[in-house]
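This structure is in C-alpha cells; I'll ask about it shortly.
The first chain written gets the first letter, and so on, giving A, B, C and D; residue counts start at 1 in each chain.
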Amino acid sequence: MASKAIAIVAGVGPGTGAAVARRFAAAYPVALLARNPENYESLVQEINKNGGKAIGISTDVSSQESVKNAFGKIEQEFNGAPIAAAVFNASGRFVRKPLLDMTVEDLQVGWEVSVRGAFIFSQATLPGLLKYAEDGHAKYPPTLIFTGATASIKANAQMSSFASAKFAMRALSTSIAKEFAPQGVHVAHAIIDGVIDIPRTKEWLKDMPPEAKIGADDIAETYWNLHTQSKRCFTNEVDIRPMLEKW
Amino acid sequence: MASKAIAIVAGVGPGTGAAVARRFAAAYPVALLARNPENYESLVQEINKNGGKAIGISTDVSSQESVKNAFGKIEQEFNGAPIAAAVFNASGRFVRKPLLDMTVEDLQVGWEVSVRGAFIFSQATLPGLLKYAEDGHAKYPPTLIFTGATASIKANAQMSSFASAKFAMRALSTSIAKEFAPQGVHVAHAIIDGVIDIPRTKEWLKDMPPEAKIGADDIAETYWNLHTQSKRCFTNEVDIRPMLEKW
Amino acid sequence: MASKAIAIVAGVGPGTGAAVARRFAAAYPVALLARNPENYESLVQEINKNGGKAIGISTDVSSQESVKNAFGKIEQEFNGAPIAAAVFNASGRFVRKPLLDMTVEDLQVGWEVSVRGAFIFSQATLPGLLKYAEDGHAKYPPTLIFTGATASIKANAQMSSFASAKFAMRALSTSIAKEFAPQGVHVAHAIIDGVIDIPRTKEWLKDMPPEAKIGADDIAETYWNLHTQSKRCFTNEVDIRPMLEKW
Amino acid sequence: MASKAIAIVAGVGPGTGAAVARRFAAAYPVALLARNPENYESLVQEINKNGGKAIGISTDVSSQESVKNAFGKIEQEFNGAPIAAAVFNASGRFVRKPLLDMTVEDLQVGWEVSVRGAFIFSQATLPGLLKYAEDGHAKYPPTLIFTGATASIKANAQMSSFASAKFAMRALSTSIAKEFAPQGVHVAHAIIDGVIDIPRTKEWLKDMPPEAKIGADDIAETYWNLHTQSKRCFTNEVDIRPMLEKW
C-alpha cells in the first residue's frame, strides 16, 4: 500500500516557513528543512503535539550533499512516500551595498541559496511530486512553490545580489513549470511584495496599522489555495501585498 | 439593521460567469447581469431552487443608462446592501482581422465592453464595496475582480481590438487596485491564459484530454480564493492556465 | 518616376513633435499634423526656409473624416509619394482624478486620441509605408513610431484614463509590429519615462539640473536612429529617461 | 594631459563581439577580451591595419584574477585612459537539458559567465567609466552595455541554466543603471531576440531570406546609437529582432 503523501518545506524560520508548515501539516505529514535546528524544533513539537506529524532536518539547501542526506532521511522516515507539496522558502544572506563595495562573495550568496538551492531542492522533490501526479487517489495536483520577493521583478540600486538571484529563481520556476505541467506537477512562484510580519520585522512600520504588513499565515493560506487548484486551473504566479502597500 | 452583503456578477454566460455566480451564491445573495436574459434565467432559477438567492437583470454594461437602471433594481431588491464581491466578466464582440480590413467600429467594440463597461461597473459597485469595507462584521475584504485573457499581456497580429481593450482593462484594474486598497477594497485581475471549457468551445482541442482546457468551475474557485484573502494578503494578479497549455 | 518618400508626424506641438519634425525634415519632405495650426505654422516656415520641405495640415487624428481629408491633401501635395516614416505623437486631454469623480467622457478622451487616433493614423499611413517597403531604392526600412509614456507600463491611482489609453496604444503598436514586420515595415513604441523639457514644463523640476528632464531633440534623435535600423535589426520598444530620473 | 578615452569589449567572437569592436574602433582605441586569442587575433590586426588601435587580451571574465590581470594590461597600455564604452558580450556554455538530467555544474556555467562575469566586468570598468563621466570634453556619456537574449525575459522548459543566468544579468544591468545614472553613466541592456547571422549559425534557417537572422553589424550599430544618446535621453533597454522573427 502506498504511503501517505507528504509535504516538504525548505527554509523554515519564524515567519512564512513556519506558517506554511502549520498549514500543510493540517493535511499532510511534513518534513521541515532549515539550516539551524532552532528554527524548526519547537514547531515540530507543536505539530506533533497537535495531532499532526512533523520531522525536522538540519539542511543547507545550497549543498547537494546536505540535501541528499536530508532526503535520505525523509525517504526512510516516510517510507518513500510521494510528495503532495514542496515549498521552497529559503533565502540567503541579504546584501545591500554600492556595487563597487561588493565582493564576488556578496554577489554569490544570493545565488547560492535562491538559485542553486532552489534547483537542488527541485531536483530532490520532483521525483516524489511526479510519483504523486501518477497517484490515482491524489486529492490535489502535486505542487512546487517558490517564494519570491519584490526584487523578483524590480532591480533597484545596490540590490544586485538579491535581485539577480530572485530574477534567476523566477526564471527557474517558470522553466520548471513549463517542463513539468504536462506531467501534472503544478509549479507556482509567489512575489511577496511587502514586509512580512515576523519577529525580525517587529520594529518596522510600527506606526502603521497591522494592514501595512503581510501576514505569514495569510501567505500560507494563499499557498494552500494554490495547492488545491485543479489540473484545469494552474496559477503559475501570484503577487501578494498588504492593503496599505504602495506599489 | 444592515442588509446582508451581496455579490454581483457582470457578464453571466454559460461559462465562467455562471460558475462564478454559483460559487459566490453559496455565500451571498447574487445579482447577475447579462445583456441577454437567456444567459441567466435558468441559472437564477437553479440558485433560488437550491436555497440561494439570485436575481437576474438584463444589462448592457457598456451603457451608463443601462447600468444605472440595473443598480437601481439591485438597490431596491437588496435594500441598499453592501457589496462583498463584484466580478466583471463581460467581453465585447471578438474581432480578429488584418489591420487594414478593420473599421473604427471593430476597434471600438473591444473597448466599449472591456474598458468603458469595466469602468462603469467599477463606479457602480465601488460605493457598495466601500460600504462593506467599513462593515465591522465583514468576513472577507470586499473584492472586485476583472477577467482578463492572454491578450491582456500579449498583443498578437490581427488582435489589436481585443488586445488593446484587454491591456487597457488591466491598467484600469491596477489603477483602481492602488486607489482603493488603502480603503480596504481588494481588486484583482485574472489572466485567463487558455481555452475555457464551455459549450461554445466544445469542438476545440477535442482530441486532447480534459486538462487541455480550463475548467469554469475552477476559475470560480480561484476567484473565491482571491475573495477570501485577508487585508494583509491581497493578490492583485493571477494567471490561470490548464496543465497542458503551452506558454 | 516615383516621388520622393516623405515623413509624416502627427501631434506636432512645441516639444517632441516639433523636434521629430525637424529631425526627419533633414532627410525627407514632411507633413505635419496638429489640431491647432499655431502648433505647426512657424515650424513649417522654419523648415521651408532652411531648405527643407514641409506642409502643415490642421487635423483631428481622432476623427476618420479629418484624417481622410488630411491624407487627401498629402496625397495631392506629394503626388502619392511613399512614406518613409510616420510618427504618432498625439495625446489627448490628460485626466487625473479619483475614479468616482470621473465621467465616462474623462475615460474616453484618453482612448480617443491615443488608441482610436493611433489606429486611424496607422491605417492612413500603412499603405504608404508598405509602398516604401517595396521600393528597391529605400535607404532605410519604413518606420512607424508611437510615443508612449511611463503610463504605458505603469498604471497608478487616479490615472485610469491616461494609463488605460497608453497600455492600449502599446498593444496596438505590438500587434501592428507583428503583422507588418514580415512585409518590411518597422514599428516601434517608445516609453518616454520622464518629464520632457518643453515650454509647458519650464517650471517643473526647476531646482534640478537640465539632466532631470528629457531633451525633445534627443528623443527625435532616438526616433531617427530607430528609423535607420536595418531589416535585420528591428527594435520594437525603447525606454527613454533622463539621467537623473528615479525609476 | 588626459589619455584618449577607450572602449572595451568582453566576449569577442566571430559575431556580435567582433562587429561591436569594429564599430567602436572607428571612434576609440579598443581593448578586446576573449578567452581564446584566436577570437581576437585577426581582428586586432585588421583594426590596427585600418588605422585604428586595438589590443587583445586573453581573459576569462568569470575569474577575478584573470580580469584583474587584463585590466592591469589595459591600464598600462592606455596609460590609465578613461573608458568611453564597455560592452559585455560574453556568454557561458549553453545548456539545454531536462531538469532532472542537469548537474549543479550545468546550472552554474550559465551564472558564472553571464552574472559573475558581468559583475566582475562592471566593477572593472565602472571606475574608468566614471572618470569619463567627469571629463568635460567627453562627446558622449560613458556607456556600459550588456548583451541579453530572448531568455532574458522568457524562461522556457529545459532552459533553466541559460534563462536563470540571463534573467539575473538583466537584474544586474538595471540595478547598475539605477545606481550609476545619477553620476552620468549610461547602462543599457539589449534583448537579442533571434538568431544572429554568424559562422556558427550558417546552417540555421537557411531556407529563409537573410531577414530571418539578425545582422551582427546591425547590432553593433544599435549599440553605437545607444552610446551616442545624451544625458537627457538614456535608453536602458532595447529589444532587437530581424524582420521575419515570430514573437
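The working rule: contacts are C-beta pairs under 8 Å (C-beta built on N, C-alpha and C of every residue); 3 or more make two chains touch, one makes a residue touch a chain.
Please read these numbers as outputs of a predicted model, since none were measured by experiment.
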| item | value |
| --- | --- |
| Shared interface partners, meaning chains that touch subunit B and subunit C | none |
| Relative to subunit A, chain with the most remote C-alpha centre | C |
| CA centroid of subunit C to CA centroid of subunit D, Å | 31 |
| Whole-Å gap separating subunit A and subunit D, where each centre is the average of the chain's CA atoms | 35 |
| Centre-of-Cα separation between subunit D and subunit B, whole angstrom | 46 |
| Subunit A, residues touching no fewer than two other chains | 178 |
| Chain-chain contacts as defined at top | A-B, A-D, B-C, C-D |
| Subunit D residues touching subunit A - in the complex, by the definition given at the top | 64, 98-100, 102, 104, 107-108, 111, 115-116, 119-120, 122-123, 126-127, 151, 155-160, 163-176, 178-180 |
| In the complex, subunit A residues that touch subunit B | 141, 178, 181-182, 184, 186, 197, 210-211, 213-215, 218-219, 221-222, 225, 228-245, 247 |
